[in-house]
Amino acid sequence: MSAHVHSTFRRIMPQLIILIAVLFLNFLVFPDFFRIEFQHGRLFGNLIDVLNRGAPTALLCIGMTLVIATKGIDLSVGAVMAIAGAVAASLVVDGHSWQTALLGALAVGAICGLWNGVLVAVLRIQPIVATLVLMVAGRGIAQLVTEGTILTFVNPGLIHLGAGTVIGIPTPILIWIALGLLVTAVVRKTALGMLIEAIGINESSSRLAGINSRVLIVSVYLISGFCAALAGVIVAADIKGADANNAGLWLELDAILAVVIGGNSLLGGRFSILASLIGALIIQSVNSVILLSGMPPEFNLVIKALIIIAILVIQSPTVKHALYILRASAEPLPSDPIKEAKESPQ
Amino acid sequence: MRSTHLPLLITIATFLLAYTLCASQYPAMLSTRVVANLLTDNAFLGIAAVGMTFVILSGGIDLSVGSVIAFTGVFLAVILRDTSIHPIAAFVLVLAITISFGAAMGAMIHYLDMPPFIVTLAGMFLARGAAYVLSTESVPITHEFYDTLQSLYWKAPGGGRFRLTGMIMLLTFLTGIIVAHRTRFGQNVYAIGGGLSTARLMGVPLAKTTIGIYATSGGLAGLAGIIFSLYTSAGYSLATVGVELDAIAAVVIGGTLLTGGTGFVAGTFFGILIMGLIQTFIVFDGTLSSWWTKIVIGGLLFGFILLQKGLTWATTLRRKPATEFAAQS
Amino acid sequence: MASATEPVLECRGISKFFPGAIALDAVDLTLYPGEVHALLGENGAGKSTLIKCLTGAYRRDAGKILLDGEEISPGSTQDSQKLGIGTVYQEVNLLPNLTVAENLFLGRQPTRRGLISQRKMLTMAGDLLAEFGLRINPAEPLSAYSVAVQQVVAIARAVELSGKVLILDEPTASLDRDEVQLVFSVVEKLKARGLAIVFITHFLDQVFEISDRATVLRNGRVIGTRELKNTSQTEIVTLMLGRQLEDRIQDRAPARTGDTLIELKDFGKRGVMEPFDLTVRKGEVVGLAGLLGSGRTETAGLIFGAIQADQGEALLEGRKIGLGSPREAVAHRFALCPEDRKNDGIVGDLSVRENIILALQARQGWFRPLPKAKVNELAEAYVKALDIRLASLDMPIRLLSGGNQQKALLARWLATNPVFLILDEPTRGIDVGAHAEIIALIEKLREDGMALLVASSEMEELVAYSTRVIVLRDRRQVRELKGDEITTSNIVAAIADDTMAEAV
Amino acid sequence: ADLTIGFSQIGSESGWRAAETTVTKQEAEKRGIDLKFADAQQKQENQIKALRSFIAQGVDAILLAPVVATGWDEVLEEAKDAEIPVVLLDRTVDAPDDLYMTAVTSDLVHEGRVAGKWLADEMAGAKCDIVELQGTTGSSPAIDRKKGFEEGIAGNDNLNIVRSQTGDFTRSQGKVVMESFLKAVGGENICALYAHNDDMAVGAIQAIKEAGLKPGEDIKIVSIDSVPDIHLAMANGEANATIELTPNMAGPALDALEAYLADGTKPAKWIQTESKLYTLKDDNMAIYEMKKDLGY
C-alpha cells in the first residue's frame, strides 16, 4: 500500500512542484493570496477561488483524461456544457424540480458522449473530427433549447450546485473533488484503468486479448459527456442562467491542456487523473495571476502563453531526460528508458 | 491511376454533385459572381489550408494558423501606419516572422519531443496575444499600394470579379501539389506521416523536415494573413478566430486522413470549395436562424465525413485481406 | 579467404547500457569485404542492439567504429546510409502508405530539373525488383502486398543503399524457402561485388549455407568468432547457449487423443478463406502447413473470431457456440498467440507483468481485478517457466528483445488456462534453445490434454509436434496427414501435388 | 412588389443581439418583406461572404450589422456597382460614406459618456474608486464605451478607475473577474462598478452578494444595454443605472429603405438611436415585464 502511495506521489511530483511555483507567483503579485477567511457563512479567499473557478476545467479533464488515454480526444465538451446548462435551465423554468433538471442535463450529456463514442468506436471516425461535429453543432443545439436567449432561473436547489456552499465550502469544489476521487477509485480499484491504457497503447492487441474495446471506448466518451454535463450545470447554476453562446466556450482547449500539463501523453496509454486535476489547478492559478496582477487585459494571452510554454518545456520528454541524466549522474543508471525507447522502433 | 486517388475523385464528384443540386434550386448560383466569390472569399482560408494539409499529412496539426493570420494583419496595419516602409518590404518582414514562428514550433515539436497539438495551441495563444499587444483596435490600412493590388481584377460577364487574391490561392495550390508529389521534401512529409520511427530508420531527415513543415505552415498562414489584410484593408486582432478548425475541416473533407500519410493537396482545394458552397447555400436560403446555421453546418460536416468513410470502407473492403497484415503502427 | 585484405568495418569495444541491463559490453566485430558474417546469439543477446548502435539508430555509450580505417560516428540512420551502410531492421520498417517505388527510393529519388521523375522511378523500381524475382506493380501502395513481399522490398532497398556494408536482421523470418533462395542469390552477387554482409538469423542451416564467418554473442558479450568452414553446428549452439542442447527423443508418447473438443462445420468467410471443416480433439496438436499466403493465419483468425466468419457453425463439446469476436472466443477458453507480435500481440507500454495477465483479466471482467498477490505469483511463475530474460517485471514489454516478447505472449495465454490453444508461428524469431523449449512445452500441454492448433512455416517443427497436419493452399484445405504420414517430404509433396493437380 | 432584403447579422453572442435579430425579423414581417437572414458566427469573413452572396442573388437591399469597423470598402463597392443600397445597423464602418445609404446606430462613446456623467453626478464630489469590466478585448463597444466613460468622468478628481479587466461581455466572466477585484482591491474599497454591458454587471452582482456586500448600495453599479435582467436587478435595488441600446435598429432602417425605394428620398447619413438612461427612478419592474419576451 505504502509503495502504491509512494509511486503515485512520484508520478504527480512534477505537477505539484509547478503548482506550488505558480501559486508562489500569485503570492508575489498579491501578498494576501494565501489568506483564507470565513465570511458570511462561506470560506473566502483567492485560494478558494482557484479551487472553485477551476471546477469546470477540473470536471472536464476527468473525462478528458480517460478519453485521451484511449488515444482519443473530445473537442465537444464545451458545447456539451452549453447543452447541459440549457437543458437544466429550461427544465427548471418549466417548473420541474432541480433534481429532475440535474438528471435531465446529465442524461443529455451522457447521450452526447454516447454519440461521440459511437462515431469513434463503431463508425471508426477519427476522434478529432468525430467530436468536431458536435463541437460545431452542439452550441446550435443549446441555443435551440434556449432560443438564443440567456435563460435565467431562480430555482434555489439548482443554483446551490453552482453558487452554494456546504459547511462553508463552495459546492463546485466538493463536486469535482468527489467525482475525481470516485472516478479514480473506479478505474484504479477495478481493472478498468489498465484495460483503458491497453486500448490506448495498442487497440488491435487489446482486442485480440479479449478486451471489449468498443464498449470501453464508448464508455469513456460517455463519461466525458457526463463530466461535461456536470460542468455545464455548475456553470449555469453559478450565474443563475444558461448562456448557450458562451458557456464553456473554448474550455475544451483548457481541459486538454490540463491533461497534458498533468503529464499524460496525447498519444494515449498511461494516465493519471490526479495529475490532470492538478493540471487544471495550475491553469486556474495562471488565470489567477493574470487577474490579480492588474495588468491591462491585452497582455492576458501573452502572459498565459508564456507561462504555459515554460511549463510544457520543463515537462517535455527531452528536458525531463536531461534532468534525469543530471540527477542520475551520480547513480549507475546512465539513460532513461523513455527516451531510449523513443529511439527504438520496436 | 493509383487506387489511392479514389478519395480525391470522390471529393471532386461530391463537389460537382452538390453544386448541381444547389444550382437547380437557386439558378443564380451558376452566375460568375458566385464562382468568383468562391475563389476570392476563400483565398486566405485556402492558402492556410495548403499549409495545414502538409502538417496533417505529416501526422501533426497546427492550431495556430487563425491567430497567425490575425497577427499578420495587425502587424502589417501597424507597421504601415507607423512607419513609411513599402508594403512589399512589410510583406517580406512579416513572412520572415511567421516562417520563423512556424519553424520555432517545429523545432519544439522535434527537439523537445512535444505533441504538435499542444505546441501549436501555445503558439495560438502567443500569436493572438502578440496581436493584442500590437493593437486592440482594428487598424485600417490606407496605403495606395493596397488600392493598386485591390484594383487588379478581371470582371467577367455577369459581374463576377476574379481578383488577384483568388489567383494567388490557385497558384499556392499548384505549388503545393508540386511540392507534395514531386519533391523530396514532399515525399518526406508523407514518410513521416506514414510512421515516425520507421521514417527515422529509413533515413528521413526528421529535424529538417519537421521544422520545414511547420515553417511552411507558418509562412502560408502569413501569406494568408497578407491576403486577408488585402481582403479587408485592415488589421484586427480579433479576426479569424477559429479559422484553424475551418482549415482542418477543409483538409479532412478533401480526403486527407488526420492520422497522416494519406491525402492530397488538390483534395483540400475541393474541400475549401465544398465548405464555401455550404455557406453560400445557407445564405441563399436565408431562413436559418443563428442556431440552425450551426446545426446545419455540423450536420453537413458529419454527412461528408460519413460519405468519405463509407467510400474508404468500400474500397478497403475489396482488398482487406491484403492490407490487414501490413497495417503498421 | 578475406583475411589478407583490410577490414571494411571494424567495431571496437562497443557498449550500450539500458536501465537494469547491459545490452552490449565491449563488443568487437570485424567485417572484411566480400564476406557474409553471421551474427548469432540467443534472444536478447544484443544482436539487434549492436546493429542499431552501428547505424546510428541508438547512441552508443562507448566504443569506436571504423569504416575503411577511418573513425566514423553516425548520429542517425541517415548518416550511416550516406556512408554506404544499408540495413534491414528486425521488423519490416517500410512505409505502408507510400508506393513500393517510393519506399525503394525514399531519399534518393531520381530527379529531373529538380523535380522527382515518377516515371523514371517506376522503371527503376521495376528493374530492381525483377532482380529479386518480384513482378509486382511498383506504383501500388506497399500495404497492398503481403509481409513477405514487403520483406523482399526492404531487402532490395537496403541493397541499393549499401555501397560497402549490408546488414540483414532476421530478414528471412517471414519468408519461405523459395524466397530465401532468391535473397541468398542476391547476397552471393553482392558478396562477389566485394560488399561485407552481416546476417542475423536463428536458422542455423541458413547460416551454414551462406555465411563465411560467425560471431556469437551471449549476454551482450562476444563469445567467439569462427570460420564456419571448420565448425560444426553443435559447436555454434554450444557457444550460443553456453551448454549443449540435448537431443530430443524423437519418438513421442503415442497420441492418446481424447474426446472431440471443437468441431467446425463449413466454416469460412468469402474472400478470406474457403469454407472448411475441422475437428480438434483434446490432447491433439493439429499442424497447419502451407506456403505464404495459403491461409494459415486466416484460419487461426477465423476460429478465434479475430476475423468474423460469415458462414458455418462451431461446436464446443457438442454445443453450438458463437465466435463473433476474440472476446467470445476467450470466454470459451480459446487462446491465440498471433503471428504479428508487434501489432497484434504486445501492448508495448504496459509492463511485462500486465501483459502477462491481460487476457486473463479481460476474461474476468472489468470489475473483478485480479488480486495483486495472484498477479505477481502468475507472472513470476511464467517468467521462470519460460525463461523470459528481463530486468524487471515492471519494465514495459516493448523493451524486451523480440524472442522474449514472444515468450511473454505465450505466457499471457497459458495464464488463461485455455482448453484450446492456437499458435501462429510460435517460434518466429526464437533462438535455438528457446525453440527446443517451446516444442517441449507444446508436447507437454498436449499430454496434459489441451487441444492445440499450430500454424508454422517450419516443416521440421510441425513434424516434431503435430499429431495431424493439415495442408493449406490458396486459402483451401487440400490434404490431411496423419500419424506416420507426417514427414517433411510428405508435406512438401502435398503442397506440390496440389500444384500439379491445379496445373492439369 | 415584394421586397427581398438580406440581413447579415454578426451572430448571437449576447442576449442583446438575439433580441436585435428577433426585432428585425418582426419588423420585416410586419412590412411584408422577405428577409434573408445570415448569421456570421462572429466572423467578418463570413459577413463579407454573405454580402457577396446577397449581391449575387440580387436582393433589393442589404442590412449589415458590421462586426468591426474596418474592411468593408471592397464589398460595399461591389454592392454599389450592383446598385443595391446598404444600411448599417448598430455600428458604423470606416468606409467612405457614399458606399452605404445610411447607418442606424447609437453612439457607443456617447453611451459610455452618459454612464460616466451619471456616476459623476451620483457621487457629487465624494471620493470613489471605480472598477471596470471591459467588453471583449479589441471589440469596438469595449474600446468606445471605455473611452466615453473616461470622458464622462474626466475632470472629477474624486473618481478613479482602480482596476480594469476584460469580462468578455459574458455573465460568468463578469462574475469571475469581479470576484478577483473584490479580493485584490478589497470589497470595502470599491465604491462603484462600471460594466460595458449588463450581462457582466448581472454576473458581478452575484459575486458582490456572495462576498457579503450589497450591490447597488455598498457598490454602485452602472452598465449599458438595458436588458431585462438588469431591470429586474434594479427593481430589487441591486443595480443603479443602465443606458439603453435599443434592439430596434431595423425599424428606422426599414423605414428609410422603403422611403428610398418608393420615391428615391435619401435619408440622413446617420440615424442615431436614443441612448436613454434608466435609473432607480424608473419603473423597472414594468420595463422588465415589457422587455422579457423580446428574445433577449
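For reference, chains read A, B, C and D in written order, and residue numbers begin at 1 within each chain.
In this text, contacts are C-beta pairs under 8 Å (C-beta built on N, C-alpha and C of every residue); 3 or more make two chains touch, one makes a residue touch a chain.
By chain, with names taken from UniProt: A = ABC transporter permease; B = Sugar ABC transporter permease YjfF; C = Sugar ABC transporter ATP-binding protein.
The structure displayed is predicted, hence computed values, not measured ones.
K.L.:
Hey, what chains does chain A (ABC transporter permease) share as contacts with chain D?
P.N.:
Both-contact set = B.
K.L.:
Trace the shortest sequence of touching chains from chain C to chain D and report its length in steps.
P.N.:
Counted as steps through touching chains, the separation is 2.
K.L.:
From the centre of chain B, which other chain's Cα mean sits the farthest off?
P.N.:
Here the answer is chain C, farthest from chain B.
K.L.:
Quick check: how many Å separate the C-alpha centres of chain A (ABC transporter permease) and chain B?
P.N.:
Averaging C-alpha atoms per chain gives centres 30 Å apart.
K.L.:
Would you kindly tell me how far, in whole Å, the mean C-alpha position of chain D lies from that of chain B?
P.N.:
Those two chain centres are 34 Å apart.
K.L.:
Between chain A (ABC transporter permease) and chain C, tell me the centre distance in angstrom, where each centre is the average of that chain's C-alpha atoms.
P.N.:
Between these chains, centre-to-centre, one finds 43 Å.
K.L.:
Could you pull out the residues of chain A (ABC transporter permease) that touch at least 2 other chains?
P.N.:
Residues 143, 148, 202, 204, 298, 300, 343-345.
K.L.:
Enumerate the residues of chain D that touch no fewer than two other chains.
P.N.:
Residues 11-12, 18, 21, 137-138 of chain D touch two or more partner chains.
K.L.:
Do you know which chain B residues sit against two or more other chains?
P.N.:
Residue numbers touching two or more other chains: 132, 136, 197-198, 200-201, 289-291, 293-294, 327, 329.
K.L.:
Identify every two-chain combination in which the chains touch.
P.N.:
A-B, A-C, A-D, B-C, B-D
K.L.:
Under the definition above, what is the set of chain D residues touching chain A (ABC transporter permease) in their complex?
P.N.:
11-15, 18-19, 21-22, 134, 137-138, 163-166, 168, 170-173, 175-177, 179-180, 183-184, 199, 202-203, 206, 210-212, 229, 295-296
K.L.:
Which bits of chain B are touching chain C when the two form their complex?
P.N.:
2-4, 178, 181-184, 187-188, 190-191, 193-195, 197-206, 261-262, 319-323, 325-329
K.L.:
Help me check something: in the complex, which residues belonging to chain A (ABC transporter permease) touch chain C?
P.N.:
Interface residues on the chain A (ABC transporter permease) side: 189-192, 194-195, 197-198, 201-202, 204-212, 216, 269-270, 333-337, 340-341, 343-346.
K.L.:
Quick one: in the complex, what on chain C touches chain B?
P.N.:
Residues of chain C touching chain B: 57, 76-78, 80-81, 87, 89, 92-99, 102, 106-107, 109, 111, 114-116, 118, 139-147, 150, 157, 161, 271-272, 297-298, 340, 342-343.
K.L.:
In the complex, go through chain D and note every residue touching chain B.
P.N.:
Touching chain B: residues 6, 9, 11-12, 18, 21, 35-39, 41-46, 48-50, 52-58, 68-74, 78, 81-82, 94, 136-140, 143 of chain D.
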